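The same subunit A turns up in both complexes below, where it pairs with subunit B and then with subunit C.
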Partner chain A sequence: MTRRRDRITEALWAYAFLAPLALGLGVFYLWPVLQTAYFSFTEWGAFGGHEWSGTANYVRLLHDPEVGRALTNTISYTALGLVSIPLAIVFAALLNRRMRGVGVYRTLFFLPVVTMPVAVAMVWRWLYNGDYGLINYLLSLVGIGGPNWIADPGTALFALVVIGVWSSLGYNLIIFLAGMQAIPADYYEAAALDGAGPVRQFARITLPLLSPTAFFVSVISVIGSLQLFDLVFVIAGSGASARANPAYPRLQTVVALFYDRAFVTNERGYAAAIVMVLLLIIAALTLVQFRLQRRWVHYA
Partner chain B sequence: MLLHTVLIAASLAMVAPFLWQLVTSLKTLSEATAVPPTLLPSGRWQNYGRVFDLLPFGAQFGNTVIVALARTAGQVLLCSMAAYAFARLRFPGRKVLFGVLLSVLMVPPQLFIIPQYQIMSALGWLNTLQALIVPGLFSAFGVFLLRQFFLGLPMELEEAARLDGAGPVRIYWSIMLPLARPGLLALAVLVLLWSWNDLFWPLVVNSDPDTMPLSAGLASLQGQFQTDYPVLMAGSLLASLPVIAVFIVLQRQFIQGIAQTGIKG
Partner chain C sequence: MRTFMRIGTALLAAGLTLSACSGGDDSAGESENVTLTYAVWDQNQKAAMQDLAADFTRTHPAITVDVQLTPWEGYWTKLKAAATGGAAPDVFWMNGPNFQLYAANGVIAPNAEPVDMSVYPKALVDLYTYDGKNFGLPKDMDTVGVWYNKKLFDAKKVPYPEDDWTWADFQDTAAELTDPKAGVFGTAASLSSFQEYQYDTIAQAGGFVISPDGKRSGYDDPKTVAGLKFWTDLIANKHSPDLKTMTDTVPLQLFEAGKIAMYWGGSWNAAEFTGNDYTKGKVDVAPLPRGEKQATVIHGVANVVGAKSEHPQQAWEFVKYLGSKPAAEILGKKGPIPAYAGTQTDWVKAHPDLKLQTFLDAVDYAVPYPVSKNTAAWNEAELAHLSKAWSGEQPVDQAATELAATMNNLLAKE
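Presenting the complex of A and B:
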């Protein structure tokens, strides 16, 4: 009898502990997802009212060249940004040893990760400046006339990728370092006894045992890159001023387009449809990665 | 030797943008636009004063601090309570509720924004600090992180306390929380960082410069004064420096938090 009463008391306590958070998550997160899904099937009037419009937003989206461009840019940015992973593995391997100054290097690589993206974007905008930027000055020393990186449709997306890799390298490096430190030292000792050099050890021990970490990092990076917004907002602006930049068609991302439609032109139903598509793409790419992992990820 | 050369070159590439930012922030406009560039600035500290003229920088700094601290305190308290229930208490619906929590964790945050904006607008909270704080008090991620942490803690102390007649509140407060300090600190530094740097949400709810955080204020400067680079560099340095300082002090917690969870904002 008391057993049963104890169990009821425990459950009541559990609900009490959960209640504040559950209420907040319900109101501000769970219900909004359902509402956004519903909004994607509605048309919004100028004064905030909205009415059912069936699949009209999705049909419009299929024929909207801006959506096509935003998707192309976002996916190219995401794919090119993956170069951060091999780079991070190499630097993590270089830093995964006892030597002086490891802490300092780690700190320096990590600084961009904690720096406000708005500030990062401003600094790079200045570095990329066509007339007075440091990058073009350095290029001019070796006789190259650099373009106006972020206003040139040919280089804008590439310039964005460089900023993205620069700011995420330290983050990926930390995760790989943690992964490497989890590999037992006797594996390397045994390999060394068998005469394997550092390169062979890296290829035969480190890389395979690190593949679950690499898989994890790639899933997280893809999800993050697909949501790129801050850099584009600061580098290119939004609304009318952004459209003045000839490279904007190469810079606009899905989330930047979402911001524009939801809060600049106030087409919230259409904006909701755009983020629903983003949700589907994220889910699909994550699923593909989980499927592909069987081919290259080794679980010890 | 080769190793150090590679590492020094790479870390130079990581730091160079910051150094150039600092150098430019101390230049006059004509020094900044000189070709070839001047390496040593004339020390124009007035650029930093200009940031305060162009923006209500003090107010925005205060907003950023208040919002970051409130969100951090709220998430650490509310998420640790929920995480304790998930990790240690038995109740009907535990699996289902945890599944719901995980599904919220996987949804990209843009899907919350339009309805959240409508709630803020209906409450009359646009252009207030509560708008920046309240939705950020709750997080599925925080519960997930702390639940993992609680699951890794030993049970002995709790069992001893239970035999002594301690209830769930005492166990949560005087045993779990002190034992989980590293986990709480890891969550706190991550929330602090995300809150400080977040741009999208403040942009949506607060258009009045006096209620903006630094991220949105700085972004607005970009639009109006896009060519005055020394002032922009001074402003961006001032806005990002506090978190960089916190990072340098709490480096171990930051890195542990990230290495354990692997999730970034």
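Presenting the complex of A and C:
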């Protein structure tokens, strides 16, 4: 009897500890998601008030060239951004050694993560300036005339990816570093005894045992990339001013389009439909990732 | 970790909101002291607004005014969110492109009593009239002129613009001032603010942006296209930087770096150009060149009363004061050109070295700023289509025709 009471008390305590988190999640995440799903079937006035419009928003979405473009850009950005993962593994391996000043290097790599994205984007905007930017100045020293990186449709998306990779590298690197340090040293000692060199050790021990970490990082970064907004907002702006940039058709992401429809042109129902599509894509891609992990992720 | 942080932030925000709610004041009585909120977006004018608020309190001791500055970039988003929640400020700045949206949705209140509107420029009174009713009172006004860099003119021995110059004169002058080796362009065919560029040349060419009844786009009118081609030709002839360059470095910055000789700008630029270290003493202003006719766009900000204000009477008193002659005189000493007739001389006298009278003379031939009920929707379409003409991807008449179709669709939905 007392046993059972203990168990109930214990469960109550557990729920009590979970409550703040669950409440926050419910009020600030789940409820808005459900509301947005409902609003995607409505038409909004500029100052609130909405009426049921059935699937009109989704029909419109299928015929809107901007949606297709924003999806293409977002998915290209996400795919190209995955290059951050192998880069982070390589740098993590290099930093996972005893060497002088390793703390300084780790801090340097992590700095972009703790810097405000808006500040990062502002600085990159200057670096990318076609006539007065540092990048083109350096290129001009070796006789190359660089493009207007963020105003040229041919380079704009890549310029964006570079900023994204640069700012997420440190975060991914720290996770990988933690993953590497969790691998027992005995494995490496045994491998060394059997005559495996550093490269072989990296390929046969580090990489497989790092695969759960890599899986985690890939899921997180795909979700993060698909929601890209702040960089675009600072680099290109929003609404009319963004569209003065000839490269904007290559920079516009789904969330940027959502912002324009919700807050610039006052079409919140339509904006809700756009993010519902994004939600479905994120859910689908994450599901695919979880399915595929069985093939390549080794849990030690 | 990230999720944890997010939730932590969310909870913190919730806590702040709750505490903000509990801090509300309970004053409701008529004779009690009232504090009005007054939302503005221009940092440069904040001091002048506070002076006006203080002056108003002197004659209305029971009313104090809290001037709230929200920078331009976030002003409309914030105002819209506040109005949606029924918490718009008591009094706030309104502009032409947003006016009809706010008036049609009952966010701002029509004037409580008739006021003599003949003291304000007619184009501004019309701009803030909806459904035959006046909303608020015009605060200031601005027109457009050609700011030019005298140093660059002198260096090329080009005479300064005459007051009666034409499009052809302007194009010739731009050609003479362009110096590819020095990286100097005669002018900049900016695409980022139609008020000082496209809307002016469209009117000068005899075209129109939107029909007077607000139902039809004018972008497929050949004269409107001529007004646009004026600019794309300048880019094609390399007398203006291309769109990519102007995207990276906006024309204002290029002008202030001595890379552009003639900059189409507003009367509001006077403060900027007399304060900037480079342009100080180097610039002057000429009227816009004449196309088929002489024209400039006129625009001005109005002070309006929020329809849900808890103190509508006091708010209207304050707006009436802001639209009065004494208030205009205070504004004219520091800020932009006051809208009230006869109070503009102080503004002109503030910079005797500049021909600022140009901007006042322009009021005679000024055309109203083109607006409709959801101006923001077709403003976005203007950019999306015309950027293709500006970048050379599409001929200007084709881009304009497609824009007209898109814009007509949007207007039909209003």
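Throughout what follows, the second predicted complex is superposed on the first by the 269 of 300 C-alpha atoms of A that agree within 3 Å, B and C clash if a C-alpha of one lies under 4 Å from a C-alpha of the other, contacts with A are read in each partner's own complex, and residues count from 1 in each chain.
Basically, contacts are C-beta pairs under 8 Å (C-beta built on N, C-alpha and C of every residue); 3 or more make two chains touch, one makes a residue touch a chain.
Computed from a prediction, not measured in an experiment: that's the story for all the values here.
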item	value
Per-residue contact with subunit A, leading partner among subunit C and subunit B	B
Contacts of A:118 with subunit B and subunit C, given as first, second, both or neither	first
First, second, both or neither for A:28, with subunit B first and subunit C second	both
Partner chain in contact with A:246 - subunit B first, subunit C second, else both or neither	second
Partner chain in contact with A:166 - subunit B first, subunit C second, else both or neither	first
Subunit B versus subunit C as contact partner of A:279, first or second or both or neither	first
Touching partner for A:299 - first (subunit B), second (subunit C), both, neither	neither
Shared subunit A surface residues [contacts with subunit B and with subunit C]	20-21, 24-25, 27-28, 129, 131-132, 220, 241, 263
Subunit A-facing residues of subunit C, complex	2, 7, 10-11, 14, 77, 80, 83-85, 101, 105, 107, 183, 191-192, 243-245, 247-249, 374, 376-377, 379-380, 382-384, 387-388, 390-391, 393
Complex contact set, residues of subunit A against subunit C	20-21, 24-25, 27-28, 45-48, 128-133, 147-148, 150-152, 220, 239-248, 260, 263-266
Subunit B residues within the subunit A interface of the complex	3, 6-7, 10-11, 13-18, 20-21, 24, 32-37, 78-79, 81-82, 84-86, 89-92, 94, 97, 100-101, 104, 107-117, 119, 134-135, 137-140, 143, 167-169, 172, 193, 196-197, 199-200, 203-204, 214-215, 218-219, 222-223, 229, 232-233, 236-237, 239-240, 243-244, 247-248, 251, 254-255, 258-260, 262-264
Of subunit A, residues touching subunit B in the complex	7, 10-11, 13-15, 17-18, 20-22, 24-25, 27-33, 35-36, 39, 91, 94-95, 99, 104-120, 122-127, 129, 131-132, 134, 137, 166, 168-171, 174-175, 177-178, 216-217, 220, 223-224, 226-227, 229-230, 233-234, 237, 241, 255, 258-259, 262-263, 268, 271-272, 275-276, 278-279, 282
